[in-house]
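Okay, so subunit A shows up in both of these, paired with subunit B first and subunit C after.
Then we have the complex of A and B:
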């Protein structure tokens, strides 16, 4: 049967929202390139840690911010990535760079597994507690599976190696980490500004209406979790390379709260926010160093203040400064 | 063959029979209004068609194929689109992004194309965005395209929801009380939109309380009361029907 036609006009008089030219983004990593020239090894380590938390926060934010599900299994993906990278390097002797993709893929697999309760219709607190349990279950495995993981004492990972180069100082790691952070940001940005990302946000705002628009919601929930796991898993392999030693305690509830704080302070659902949150939360303890003994207190106050005055995080501050910084989920 | 054929459909919630052996048809280009007091089962009938409520017995055929038992997204993909009584917009997304979600099935870019920003994926995206903008312009709300849907006026939200539903040119559109809360000039605009869509061959099933609007735009009026169909006739005939008066006098 003939399709009825709703023919739009040839030209569009709609005024378009102001947009930053996309290439401007590349100036940021470019400007960051000479950083190791100015930083000592410790400061460089802190910057590297920020770069680890970039994919970690991005991935968390895709599920809790964009898809809008209360899933707290991010540290599970982080741990899976770190252990995959570590085990492949230690037991199989693979160079670090070869383990990055497997770490991401194992993270994606863990993401798919963690999405099962959500696919069964579990939501809100029930989902929160089930996904928390998933993370704790994995931690139990890290502790018990001694021959592979080294148990509670953990495992020491050989220094990261990229195409035969051993990255044995923080400045060298920095370039590998910067590249990975940029790649995960760019890929996630592309995903979010496509029909996939719009489907995530549609599901967050109104699941029934999303389905009525022809979106197979289950498939997109699975995709969001898997993508989250992939990106966070890569963050895990970066963490293993940075720290050089992986223990189960690094993937406990305190770590989860820290990662949650990064996303909340940065801004739920905002990619830019994830990056800003990673930078602020990772460096904050450095600024509090002059006040020993007050670290936890100041840290708590900082988080409370940001969330109180900027409920949508640092990203909303940026968006308020100028409409150019408002996130847009399409391509003109 | 009718575009939509609802055949002896019953929907129960526990002991409550919300829709009771209702049959009706909608043809291409036809505007069929469903009226009845609150709780009569109108929205439930829509939910049955769109796959949001399971039917206890009966059949629902779209373009001659049974669609009952399919999932909502499958029914939508077949070309049955709906709006929601309580507003179904994605509040955090802009009007434009809402319409783009409506175009989801038309934006056929694969995930690899998207991640690699392949030329074809980019082209599909820019074309969809242009189409979404053009549709908003066509309905005279292009100026709010980049505002979050939650910040639009009630009337603008209703229009965006209709635009979003018809973005893929569905053969059948279900509108659940689209005129609620609309200012008079927006109502006129709504009537002209419905007429235009019907003129283009789209079948429309319309739930509406505003009797004048129904009388001016519907080809046929179906009256539900306690889940049962009590009348099915052209507007003028329904107006004179005793059953209808009773249904309304009993409740309103």
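Then we have the complex of A and C:
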């Protein structure tokens, strides 16, 4: 009896996965809601830290992943957001929730400022060097502008306050952070799936062609930088609220490699990847704190491996698993 | 105030020689592969530490230095061959990230091994001070300037007057043309990264003469190398040298006449201003695309 021969391969049709509606993504934050019931204060702090890095990573990814420009100034936006929030809370006595929007706006302003060289035609490595210098210059300002920033010793920020309710434990902060993380993810998702996001992609693929097609590339570059600054600035204000003490050393080049690792390992140009990277990479410093240097070594090797063997990051693995995770740049 | 001007210029030139060497080493790699090595600062750092390790074996300064330069040459060539070549036709972002990541890994390694120690190199000469008219010249200034000048002199002889140098010039002019006449351009890329790393390591060795070694010295040097390179014009050899000298003098002038805190940020300010006002620098060609 001859067995029927089944030939797997490119000719056999692959079964289409059933279409799943995108509102299923809303189940993720819902499922995360009861988390503080199960975690102690320290674990909750680590989870909060992940939530801080969600806006930071998606903001960074908009510029380097979606727009495809080599800008190394994300840490600068992060620091500006944190210091704006901290200074407003400490010197003017504003409650934390009032400072979130100004922190985002200051970040957006810094983003707009950082886009000036890009608008003047500075590209590639020139832009990278320049934005690197911009970030380091800002760190110098944090250190030197002692009356406002507290210099190298930093400044202590009062515990965050939302509508008069003081968030004095990690579980309380968690809900505020979860809300902010969800809002920034949803808004960025809307942005990327609109014509703005498609314009970013066109600029990334071929800037001259995009300009020739009538896309006002200048405006979109400015917008991408400002949006990136805005989102990351909000992340900065969350960081200030979480840590409670801001020092210039938190915004140095080691922080830059951490944020790079988050975006690269998660997936360049992928919103899912940013969230995934934040969830996986952000916790690493907590484990390796006793071994100075190990973290840099680890992140360096990790990024090298990702670039060589998985250029689209972990998000590409996830996208292969199920089409729901494929990043879309159109509305359903 | 003006009386100290010559003194500032002289000590600025000595520091500037060091920046010139680092900018030159960056330019060598950049000209060969059109990729800026964002991890170059760590090559400088590794050069200084390699010298320290070899000196620890009981070698005297000169053989230890030669071994350190040789080691960094191999490492630079290996980096280019193993990590950069597979992605060399990919997007610039990956290339920059790759170089940066390698640099970070090296820095992390150095911090793991030497992070908690104070590591210093011993000078192979005595620390004398000379009076040159009204100016004070230290032995450090002389040693650095002399070493860099000899190095640059021999490099320009090698580059302009020997058959090997002509081959290098040919590849710099047109990679495709050089490949067509039978030059191995890939091997050339790796070799030039090696040369860049070795030159950077020489800079690290000089830096280690008057500063304690630290895993973070790479960033410090990279920023100054970039500033010098930007000021002189990307890809220009004499631009890198002149940019380095100018940067060294400007740091001293700004630091003395305005405020000492400006010494730290002169390099950043120069980078930003030059790229905003004249991205091609003093001697570079205008390559920026405007849309």
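Quick note on the criterion: the second predicted complex is superposed on the first by the 285 of 332 C-alpha atoms of A that agree within 3 Å, B and C clash if a C-alpha of one lies under 4 Å from a C-alpha of the other, contacts with A are read in each partner's own complex, and residues count from 1 in each chain.
To be clear about the criterion, a residue touches a chain if its C-beta (ideal position, glycine included) is under 8 Å from a C-beta of that chain, and two chains touch if they have at least 3 such contacts.
Computed from a prediction, not measured in an experiment: that's the story for all the values here.
Q: According to the stated criteria, A:206 is in contact with first (subunit B), second (subunit C), both, or neither; which is it?
A: first
Q: Which holds for A:191: it touches subunit B only (first), subunit C only (second), both, or neither?
A: After superposing on A, A:191 lies in contact with subunit B but is clear of subunit C.
Q: Between subunit B (first) and subunit C (second), which does A:144 come into contact with in this model arrangement: first, second, both, or neither?
A: In the superposition, A:144 touches subunit C alone.
Q: Please indicate which partner A:215 is in contact with in the superposed arrangement: first for subunit B, second for subunit C, both, or neither.
A: first
Q: Quick one: classify A:122 as touching subunit B (first), subunit C (second), both or neither.
A: second
Q: Using the superposition on chain A described above, determine whether A:307 touches subunit B (first), subunit C (second), both, or neither.
A: After superposing on A, A:307 lies in contact with subunit C but is clear of subunit B.
Q: Let me test your reading of the model: by the given contact rule, A:329 touches which partner, first (subunit B), second (subunit C), both or neither?
A: first
Q: Determine where on subunit A the residues touched by subunit B overlap those touched by subunit C, and list them.
A: In the superposed arrangement, which is not itself an observed complex, subunit A uses residues 208, 211, 217 for both subunit B and subunit C.
Q: How about subunit A: which of its residues touch subunit B in the complex?
A: Against subunit B, the touching part of subunit A is residues 1-6, 8-9, 12-17, 187, 190-191, 193-196, 198-199, 201-202, 204-206, 208-217, 223, 269, 328-332.
Q: Write out the stretch or stretches of subunit A touching subunit C in their complex.
A: Of all residues in subunit A, those touching subunit C are 64, 68, 70, 116-117, 120-126, 128-130, 132-134, 136-137, 140, 144, 207-208, 211, 217-218, 253, 257, 260, 264, 268, 291-304, 307-308, 311.
Q: Please name which positions on subunit C make contact with subunit A in the complex.
A: So the residues of subunit C touching subunit A come out as 36, 38, 83, 86-87, 90-94, 96-98, 100-113, 115-116, 215, 219, 223, 226-227, 230, 234, 261, 264-265, 267-269, 271-272, 275-276, 279, 288-291.
Q: Could you please specify the touching residues of subunit B with respect to subunit A in the complex?
A: My answer: residues 28-29, 50, 52, 63, 71-73, 76-77, 81-82, 84, 88-94, 96-97, 100-102, 104-105, 107, 109, 111, 114-115, 117, 121-122, 125-126, 128-138, 142-143, 145-146, 164-166, 168-169, 171, 197, 200-202.
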